[in-house]
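Each of the two complexes below includes subunit A, the first together with subunit B, the second together with subunit C.
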Partner chain A sequence: MDIPLVEPGTVGPCPVAPDALQGIVRQQTNPARWNGEGWPGFVAELRTAGVDVAESASARGIFATDAGGTAYGMPHGVVVARSAAQVAVLLRAAQAHRVPVTARGGGLTTEGESVAYGGVLLDMTGMSRVLTIDRAAMTVRTEAGIYWHGLAEELRREGLDYLSAPLNMTSSVGGTLGVGGIDVNSARLGCSADQAIALQVVTPTGEIVECSDSENAELFQRVILGYGQFGVITEATLKIRPYTPLSMHYYYYSTLREAIDDLQLLDRNDASDYSGILTIMDCAVNLLVAFDSAEREAAFKANWEKQLRGHGEFGFALCMVGHYARRPWRLGEALYLLKRKQAVFPEFRRPEFHRDGRMDDRTVVFSRAVWKHWGSRNMVIPDLATTADKFVEAVERGNAVCRKYFRHYTLYCVGIKLRADHAAHYEMSCIPPGAEGWAYGCEFEPMIEGEVYSRDHFQSFKNAIYDIGVDMGASYYRFGGMMKGYIRRVFGDALVDRHLAMKRKADPAMILNRDVIF
Partner chain B sequence: MRDVDVLIVGASLAAAAAAKRTVDAGLETVILERKELPRHKICSGILSPRGHRFLLENFGPLPREVLHEPTSCRGVTFHFPCRVEMPMDFFHGTTPHLHRKYSDYWAIQRSGAEAHDRTSFAGLEDKGDHVLVRAVRNGEPIEYRARQVIGADGPSSLVVRAVYPDYTKQIPWFFVGQKFHEIIDCPLSPEYFHFWFHPGLGHYTWSHARDGRQIVGVGFKRGDNFARKHQVVEAYLRDKHGVQLKPADDDHEGCAENFGPSLINRYIFGKGNVLVTGQAAGFLNMIGEGMSCALHSGAISGEAIVEAQRRNRPVQEIYRKMIASEVRRCSDQWNPLKIAFDRPHEADFPEALMKLSWRERKLVLRDMWNFIVLFKEFKWGRQIAAAALQRPLLGGYPLQKWL
Partner chain C sequence: MYSSAHPREYPACSGCSLCRLVCPMWRARRDPRYSPEGIAKARQNGAEAAELAEVLDACTLCGACDPVCPEDIALTDMIVDLRRELELPPDLAVLQVGYQQAAADASAAPAGALLLPGAALHADAGLLARVEALLGLRAAQDDGADLAVALEIGGDIDPVRKRRFLAGLEGRSLVVGDGLLLRWLRRELPGARLQGLGQVLGNLPAIRRRIASADFYVIEARAYHADQPRLVAHYDALRKETGCAINLDLQRIAVPPRASGYPGLRMGPSAEDLAQAGWMLHGRQPARVLVENPAERDLLRRVAGVPVLHLAELADA
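Entry: the complex of A and B
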């Protein structure tokens, strides 16, 4: 049988009628396992060069899946990253032997992006040292395999903080810079990737290159938010700031629309340092507002707090009692809200993390709460990223999909301040085309609660959410891996083909993170 | 004795989907097939768009060799004794017309699993932590030791018989057969799969174009005569639809079908370390399309094995929880409440019905009822009604009815 070879990233010939699967790109999205051709020669070359390759089942088995827990793959071998020079040796050999290399930090991808379907898995957590902290320039130079909580630990000793990091702190710095990273201060400080000043990158052909906005700017543009396609980030220089505890305020809404309007009001007017929405279903919508300084907090209270339509905790509880008293058939939902409130709220108010009424420090509080109350064996978090004006509609449509597929779920909405000088970084990324000023993202996260769902059920749910994105001209945070069929649908062939041409030039054998985007 | 992680019986689409999941997860997987690969399989070959998407996403774009001519099908046309025709296009466009001999072989190859053809399954013994499987290759006995076994060997599953020896006596069996005719003149559109709701023709009557010939297919309760049933349908097509066909060629084919379990939520998923999937488990969509649910249920069986090993949980427990979504989707297609108030199929029957005049709608519903009455002897009515009522209350179909 003649099975035509399809070049990675391209759409192969398809003899089924052109009107089949309308709107769906004829692309394999669950990758075929690499056949292992050339593996022994590759390993021999690496060992001669002093690079250790672990091939035991136990060494490989721990990387069988990612945080999503639905994609499974098994690398032929694992290399723990030790230095840029070692990574360069690995990539040069991989290029010569055409062996796929999958880079992995915290493994917090959800669509199998950090799962190796054969080939070598490069475990970046071996490069996790903080190299220098420059208080004068307010920068830190760190190896990129470090987890954010590891970096926070080092910075706190100096009374310092990074600008922004994902709420889930076991993601690595390198991985985050490669995809974006959204924090509750992103509406003010931009996505986590935007705090990178300079990077040391090992290109897919094994050159070690320093890049920044002024040096090798084109590589810098491609690597930031580049989903690991144009190089392995081995070191990063990040902006830092003095550490401050937070004063937190919570406002409660019963409709998504009002909460989102208020969130955008705060963002537009730079009225808060931190802002985001976290919900229990669509019934209890919490607008979180926080401040680094008493001055900013006072200005908010004087100018903006009265304009918010949310309630305080007590007022909202009364509203809920009235709401469910009129709808006794929804008692189950009311009980769930109560149970969830009792479990989650204390986590954000634990006395050991509060001093003088201020949260100290959010890194621990948020990360701990995220894992404990939102984490499960399956992190299935489809999302939509839109321009500010389309955001309410996107969230409401996505919310309707959540209601259809799962009993309980949560939504997490946050704004992302865009840097005008980083427009090139945002190309073909989670930042939606046409976004100016701010982009907004919403994650739709079902509560798994010990249930077991098939991958197909999750996939149908994700497809339903992502179809909204296609319809609305949005983008996604997680469009790689199993969801890469949406890339051409949302970005169009011209842009994707341009990036594919750049990828081919940078990575002739298409070995680095090959099934993630292309 | 060959020691493997997963042994799959039957080189079907369900087997390929299961193997895709287990091979991806690094499990050593062997597929047993009694015939020589690529093997022939009787099937209409009209895959649903959902199945097409699964094949595309998991195995890549289909090569030309795995398709018959015409390579695609636009939809389904229902015909009724009142002579009303209801053409319905598939949602999302046309769908492939698979050549099962090659499509299954292609999918098996793409799954990355090792296939042992000309190897017949002969029995198994579940030892608790592994399963011993007996097989015969070229007349010689051969044994496998597997951590889990998946039965993906179709309606007359030998794995099901090995696990539930009495099962075949518990359900009604049907025979479906198709004959191939050279065409003299055929007014039936070659773009559609044609189905007749006609109690006088049989339980399952269809026709469509394939490779320049016309298929005339009949399905009936086992025990009736294929040649006679086929003759009746051929004459009906000639007299009522003006279909002029040459006498059937010699390559007619037929097989036994376990039509019924998906209607009444009586699926069979295996015991212990033996999982049953695909049509062997009873999955069959409306109009007898079993490939898309075979692909999805097969994948779920593979996922369940991977998940059970990772969680260190009994595989049946995981499989039955995971398969619930596919059961919902498949049994919804037969659920009268879902048909009336939702859109469980991949073509829009309610919309097509609403396009008809009031008089035609009445005639169609009358003819459908008369057709349904043909199935009265199987006493499925109450079970379908009970399942339909339980569906909104439980959010699914009761697990207790599954074997």
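Entry: the complex of A and C
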């Protein structure tokens, strides 16, 4: 490709070229800051329209980084979203003054996608109210800045629940619908984005549009899993279901391959309501299997449990003792596993979150554990999303990369049931091309544990994982932000150019979430 | 966890936002500045107390943020420390002087186990007498109400006053009505047997057997959050035994009915308080609301539409 040089901070002819992040030399992971031209006029226009813009360092500093903590940027100002009309005013002014707008929900990105490198940060959590619950239709209409946890709090009082959401209490509905959202029931119910029935979207040029598969379907297809490129989701209608606590079972494996085989066996046969793999490196591999009802659990026990090759906790402990007794030089690893188990396991079994042996709320349990035992100043979580048949290879190759770069790490693997009628939604998303029935995703998360790694080290690690994806024809969940140099390599020029043309049409000044993809 | 440094202070905030989920100040305003995260991040960006005055004033000191912070940051301590740098709110300074005078005039506490009722209960003589009778305890005339105000507004505590107050309590069994004072006493008197008034009343058979499955039970947030890992089991047992609903959220954090600063000191609910109390009861249809904290009765009466009783009123309800 012949890509002319452009001034740092300006949008070049191809925003997803391999060198698209026009950053500071060597610090390739931070885009340069927007130069602020047009800001005073933009702010004046907003204030005239009654929109509050906070410009103090303390207000802006709340958003200086995201959950990844490796990308840093300061917006020129912050607007807390209050209504679709207000967001529309903001986007129209942003187009006119060419001011970048970064929409942010829970800020749980890791590649700087929700970090504003200048311009205005639009904090969607200001729009976080549940609007209506329709029991007859089993749907909820909610403002999209709501945290899934906030939605759960409200639904639970009515004996209801959402279908699936990320296992993190501070993910927002809008942010999740824009990227996918994976739960441990996604192998059965699909990604969180698939439960959206209709959306209210403010387009980059400031129109407020209702869309669904039957109304403004093209916009709906682009906004769902669209990484915030084609509009700001302000309201969402989602499917809901009756609430049930779940009964959880854990099976332990000493190889990834067996655990993945068993995970896919369960998914193919609809043998469980929830399934996923969580590991401590590749030594302690935990397949979790859970059920909403006693009937489903009984059917699993009768038909499938004996086919699983995993052990119970005690059996696994015996295997481990045998394994490390034959490899005394790996005693350090054994001690780490033991220490980690002692710290983490009780979190998953805290009595206040269980009633009569059933887990009350999986997101509370997992999210607490994740923040307490996985969270750290820097988090890089590169991932690979593949078709079912390529998954074992992808995980094993990614695991080898983790072993090379970090002493300790965790893998998290889940299946995602695909909807044939949503093929258009999945275009240029984490769903890998060619996937049918299920896609599988694996997150590779190093345990930082107080150690200090350079951003270059993190970046090399992520590149090594993502190179596997290019090689295998996979996709990624986190391909935006600092990883957008992979977009053309993994999706191909034809698809990317088609989306870029749509983006240019929808967002003439290219102002909305510009450091995410385009 | 972000770092293993101690003490756990604002630099350790990773911005996870978990504290926002439980913060009534944030819920009422949906503005990130009005949250513990907002305060910690503002401090990380060099903000001084004066710049944060409005936010600091809005905090209810309900303590809900402390147990949920995965970084174990002492968030309410952070807020009170910042309040210390602000000018004392004049109305509350006057209130504190009044309590100081009352403490100076108080007669010595009776021997043995003691009730420190707190200002709200002290202000309701009939209810106080009922609580004393139920517990078989006498209330101390000097129950540290001035100290509770100082703890709330971040005022200085005169060391002589502190010594005198604590000396009178050393080695006793104490039932404490004020959640902030209870938390402070736990630190100052690690060897004392200290219990919150709500917990003690809830354990009395005469009260417990009158709590019904149709009741909505409102835990006093400050006392609960100061000892949440232990008390969560107490309230779970109460729920199981009586079948009542409790103001605990999915994280087992108590939803406080107020959302504006200095609850119980400044009387008269704000619009934020009414919205927060409404949210607490949203989606519930109780026959009665039961409160541990008498200062919350009036507010809840305005939004509940059903009888609101203090636990002590249950004994002969």
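By our rule, the second predicted complex is superposed on the first by the 488 of 518 C-alpha atoms of A that agree within 3 Å, B and C clash if a C-alpha of one lies under 4 Å from a C-alpha of the other, contacts with A are read in each partner's own complex, and residues count from 1 in each chain.
Criterion: a residue touches a chain if its C-beta (ideal position, glycine included) is under 8 Å from a C-beta of that chain, and two chains touch if they have at least 3 such contacts.
None of the values given here were measured: they were computed from a predicted structure.
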- Message: Is A:Ala64 touching anything from subunit B or subunit C once the two structures are fitted on A? First, second, both or neither.
- Response: both
- Just subunit B (first), just subunit C (second), both, or neither: which does A:Val452 touch? first
- Message: On the A-aligned overlay, A:Asn399 touches which partner chain: subunit B = first, subunit C = second, or both, or neither?
- Response: neither
- Message: Once chain A of both complexes is superposed, is A:Val80 in touch with subunit B (first), subunit C (second), both, or neither?
- Response: second
- Message: For A:Glu154, using the defined touch cut-off, is the partner it touches subunit B, subunit C, both, or neither? Pick first, second, both or neither.
- Response: second
- Touched partner set for A:Ser56, first subunit B, second subunit C, both or neither: second
- Message: Considering only the contact definition stated at the top, list the common interface residues of subunit A for subunit B and subunit C.
- Response: 57, 60-61, 64-65, 377
- Which positions of subunit B touch subunit A when the two form their complex? 20-21, 23-26, 38, 49, 52-53, 56-67, 71-72, 92-96, 102, 105-106, 109-110, 112, 296, 299-300, 303, 306-307, 310-311, 318, 321-326, 395
- Note on the structure: In the complex, the residues of subunit A that touch subunit B are 1-4, 6, 11-17, 19-24, 26-30, 32-33, 57, 60-61, 64-65, 70-74, 117, 377, 407, 451-457, 460, 482, 485
- In their shared complex, at which residues does subunit C touch subunit A? 1-4, 14-18, 20-21, 30-33, 37-38, 41-42, 44-47, 51-52, 70, 232-233, 236, 249-252, 282-284
- Query: Touching subunit C in the complex: which residues of subunit A?
  - Reply: 54, 56-62, 64-65, 67, 69, 80, 106-107, 123, 125-128, 147, 149-150, 152-154, 156-158, 169-170, 351-353, 360-361, 364, 367-368, 371-373, 375-377, 450
